[in-house]
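One structure coming up, written as structure tokens, with questions to follow.
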Amino acid sequence: MQAKEVIARRVAQEFHEGYVVNLGIGLPTLVPRYLPAGMHITLQSENGFLGLAPLEGEPLPGVVNAGGQPCGLMPGAAMFDSAMSFALIRGGHVDVTVLGGLQVDEEGNLANWMVPGKMVPGMGGAMDLVTGARKVIVAMEHCTKEGEPRILDRCTLPLTAKGRVAMVVTELAVFRITHGEFVLIEHAPGVSVEDVRARTKARFAVSDELKAINLG
Amino acid sequence: MQAKEVIARRVAQEFHEGYVVNLGIGLPTLVPRYLPAGMHITLQSENGFLGLAPLEGEPLPGVVNAGGQPCGLMPGAAMFDSAMSFALIRGGHVDVTVLGGLQVDEEGNLANWMVPGKMVPGMGGAMDLVTGARKVIVAMEHCTKEGEPRILDRCTLPLTAKGRVAMVVTELAVFRITHGEFVLIEHAPGVSVEDVRARTKARFAVSDELKAINLG
Amino acid sequence: MALDKQVDWSDVGPLFRDGISVMFGGFMGVGTPDGLVSVLRERGTKNLTLIGNDTAAPETGVGPLISDGHVSKVVVSHIGTNPVTGKKMIAGELDVDLVPQGTLAERIRCGGAGLGGVLTPTGVGTVVEEGKAKMVVDGKTFLVELPLRADVAILKAKRADRAGNLVYERAARNFNPIMALAADLVIAEVDEIVEIGEIDPDHVMTPAALVDKIVLTRRL
Amino acid sequence: MALDKQVDWSDVGPLFRDGISVMFGGFMGVGTPDGLVSVLRERGTKNLTLIGNDTAAPETGVGPLISDGHVSKVVVSHIGTNPVTGKKMIAGELDVDLVPQGTLAERIRCGGAGLGGVLTPTGVGTVVEEGKAKMVVDGKTFLVELPLRADVAILKAKRADRAGNLVYERAARNFNPIMALAADLVIAEVDEIVEIGEIDPDHVMTPAALVDKIVLTRRL
């Protein structure tokens, strides 16, 4: 199973019936594929709506996701302006947001919006989402392409938000962050705690209930 | 001509084609009767719409003015929520508001929302209107029923807003307030400057262009 | 989105407890859910804090709740149309917190939008500024007004779909949409319930995600 | 209400001057008035300050204005989809002020609603907080974010009546309604113009009172 699928399958287990969810671009958009049959969630999009669906048939005017790509509308969808969109996001009306990360640190800090001197795309809606969503899940590959850990004692890149990450899901491990404590709660099948430590530059506790990620 | 009609006729002269106007309850609601034929203004109401019209025929569900009384809708009316209603009011999108007053003073302060120990109805939308409308016109009878001046050197009642009144229209006189200066610009036919002074407890300058109110 | 949020009137009562804060939609009673107000009365709730535009009249809107002594505090912009409110205030039986209407709207919106407050010019130089922080921006003075939230919001809409998307009618909209953002539990009384998908997404005024329960207006 | 706000395309050009600030509706170009953007180009305006969500792509939305050098500053939440913006920024030809998207929406709304600012938790502990006042409310830290206004707002709507009431389509709504509040001159490009009274008052998304000019989308 590819790293991305492992991550998406595991993140899907954090969703519950009726949840309002905002998914970042890329990997997070794969998550809904792995929801249990019959579970209904509502996808929220920064550009102003609740009830995104996959595109079926011809694109409809104005029905686009936050990446500007044509999408569909769930029955019962609702459209609104940007002020309302972020009232929902900042006001705790989004149950979960799943975003990619460049770095996460022990304090639950996330850096995912710029690399000084290299990539300055802007934060878009990410700072508001990470600040305001009820639960922030970072879904990312455990290390960079160069093999450098992304989970650090201290983020070195500019932060997206401070102390807001509740969970980090990688292809190797799942960490929960509560009360400022970084805890390894699950590992990928065949991956040992030592393997995780070797590729993680953050202190973390190991849960008493540590188990393998269920990829059922 | 009754005092109220004199006041309403004179206030009507301050309206211009296309103006957005918010009228307080009572006397101010008489003003539109005296607009020149063919002049179009849009009435705004705090409870959430633009385009009030007089009631014609049966009351329609939800079509009520800020006093909760059934009214009509102009063609081209628009409805919105209270936050938007006051974004319009506070944000300078209402060209003129006309309100009654208990007291106005030399500094353009208005008191019209409470009499301690007697009448504490609440400010409703008045504080926002007086603070945010582009032009605030106070339309009131010159003196109280007991003959006490309402135009004072200093309001003694709790203020509605500070320094926001641009014009005061009474059955005796019209004052303009600019740059902190109270100026008598018009008097009712047959009323002398001395008559006005005798019933006014504020210092005021007399305009070089002082004239009689046109009640044409 | 497939959750059916319609409940029966008998399910509503248990949602209310003594001492809760209740935001109520409506302006002079127009846009106030009369059925939900009745449930609050019938249930005999005590020590309610009501947050809304006004206290309407003794027999309209939330007026009966005040007349019958269910309320210990109101946060409103206006009480002048309901003499009972004023009498109870003077008698020391009711705490009345008067808030300028636009400020009330913004404070509720802040409470629902995750904002810590807004800077408003309204009330500067009046008794409203007492006890509040001020800030000067570009030479102009503003009051810092803080968020308001409630335990429960009771709303009135014209139409809902089963998921809870709401459409209001004319000036009955008023405070309802912002209150839908600002309470832990949001209950809407609606005149009509339609199937999911029957309301055009562009016409939804309060998205279903904000609404917890819907109940069909009782025809008396 | 009877004023007919429709103008011809030839009337639009003279409304734009060099050095003005322009708020533009749209999100990745969706909801951006392409015709009005073209007029800004054809007229050869210089030193524009653009305020909006993003700089789209080099050939979409406001992208062409940046590619062709009409712009000296952008205030946006995102530039990553338009490499030209990044290049010009690095070359020192374009000033880029990045604002979190929700904060951008609130700042524009403040500018249009007469508010002096809002307190937002977004950006606390990040570079966004640099140079900004902070306030602690109920133990939580917020940034004080200040209002934004512009000389001109250019909007895109699906439908207008002749008075200027606007209806947007789906996610093309985005920043358009709040920008209608926050500029001295508001111009809307619309796909369809109907008679006054043809839009249900409950469906109006931007009231006519906020709109100065409407122009019918050019079919190319």
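Residue numbering begins at 1 within each chain, and the chains themselves are lettered A, B, C and D in the order written.
Everything that follows uses one rule, which is that a contact is a pair of C-beta atoms (placed from the backbone, for glycine too) under 8 Å apart; a residue touches a chain by one contact, two chains touch by 3 or more.
Quantities reported herein were computed from a predicted structural model and do not represent experimental measurements.
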| item | value |
| --- | --- |
| Pair exhibiting more inter-chain C-beta contacts, B-C or A-C | B-C |
| Rounded Å distance, subunit A centre to subunit D centre (Cα mean) | 29 |
| Averaged-CA centre spacing for the pair subunit C and subunit A, given as whole angstrom | 34 |
| Subunit C and subunit D: spacing of chain centres that average the CA atoms, whole Å | 32 |
| Shared interface positions of subunit D, touching two or more other chains | 106, 109, 114-115, 120-121, 168-170, 173, 201-202 |
| Contacts with two or more other chains, residues of subunit A listed in rising order | 49, 73, 79-80, 86, 89-90, 131-132 |
| Pairs of chains, among all present, that meet the touch criterion | A-C, A-D, B-C, B-D, C-D |
| Residue ranges of subunit D touching subunit A (in the complex, touch as defined) | 27-31, 53-54, 56, 76-81, 86, 89, 96, 98, 100-106, 108-109, 120-128, 158, 168-178, 205 |
| Partner subunit D, residues of subunit B touching it in the complex | 17-18, 20, 40, 42, 44, 49-51, 73-80, 86-93, 131-132 |
| Subunit C-touching residues of subunit D, taken from the complex the two chains share | 106, 110, 114-121, 133, 135, 137, 140, 142, 144, 146-147, 167-170, 173, 201-203 |
| Subunit B-facing residues of subunit D, complex | 1-3, 109, 112-115, 161, 163, 165, 181, 196-197, 199, 201-202, 204, 207-210 |
| Residues of subunit A defined as touching subunit D within the complex | 45-49, 60-64, 66-68, 73, 79-83, 85-86, 89-90, 109, 119-128, 131-132, 158-163 |
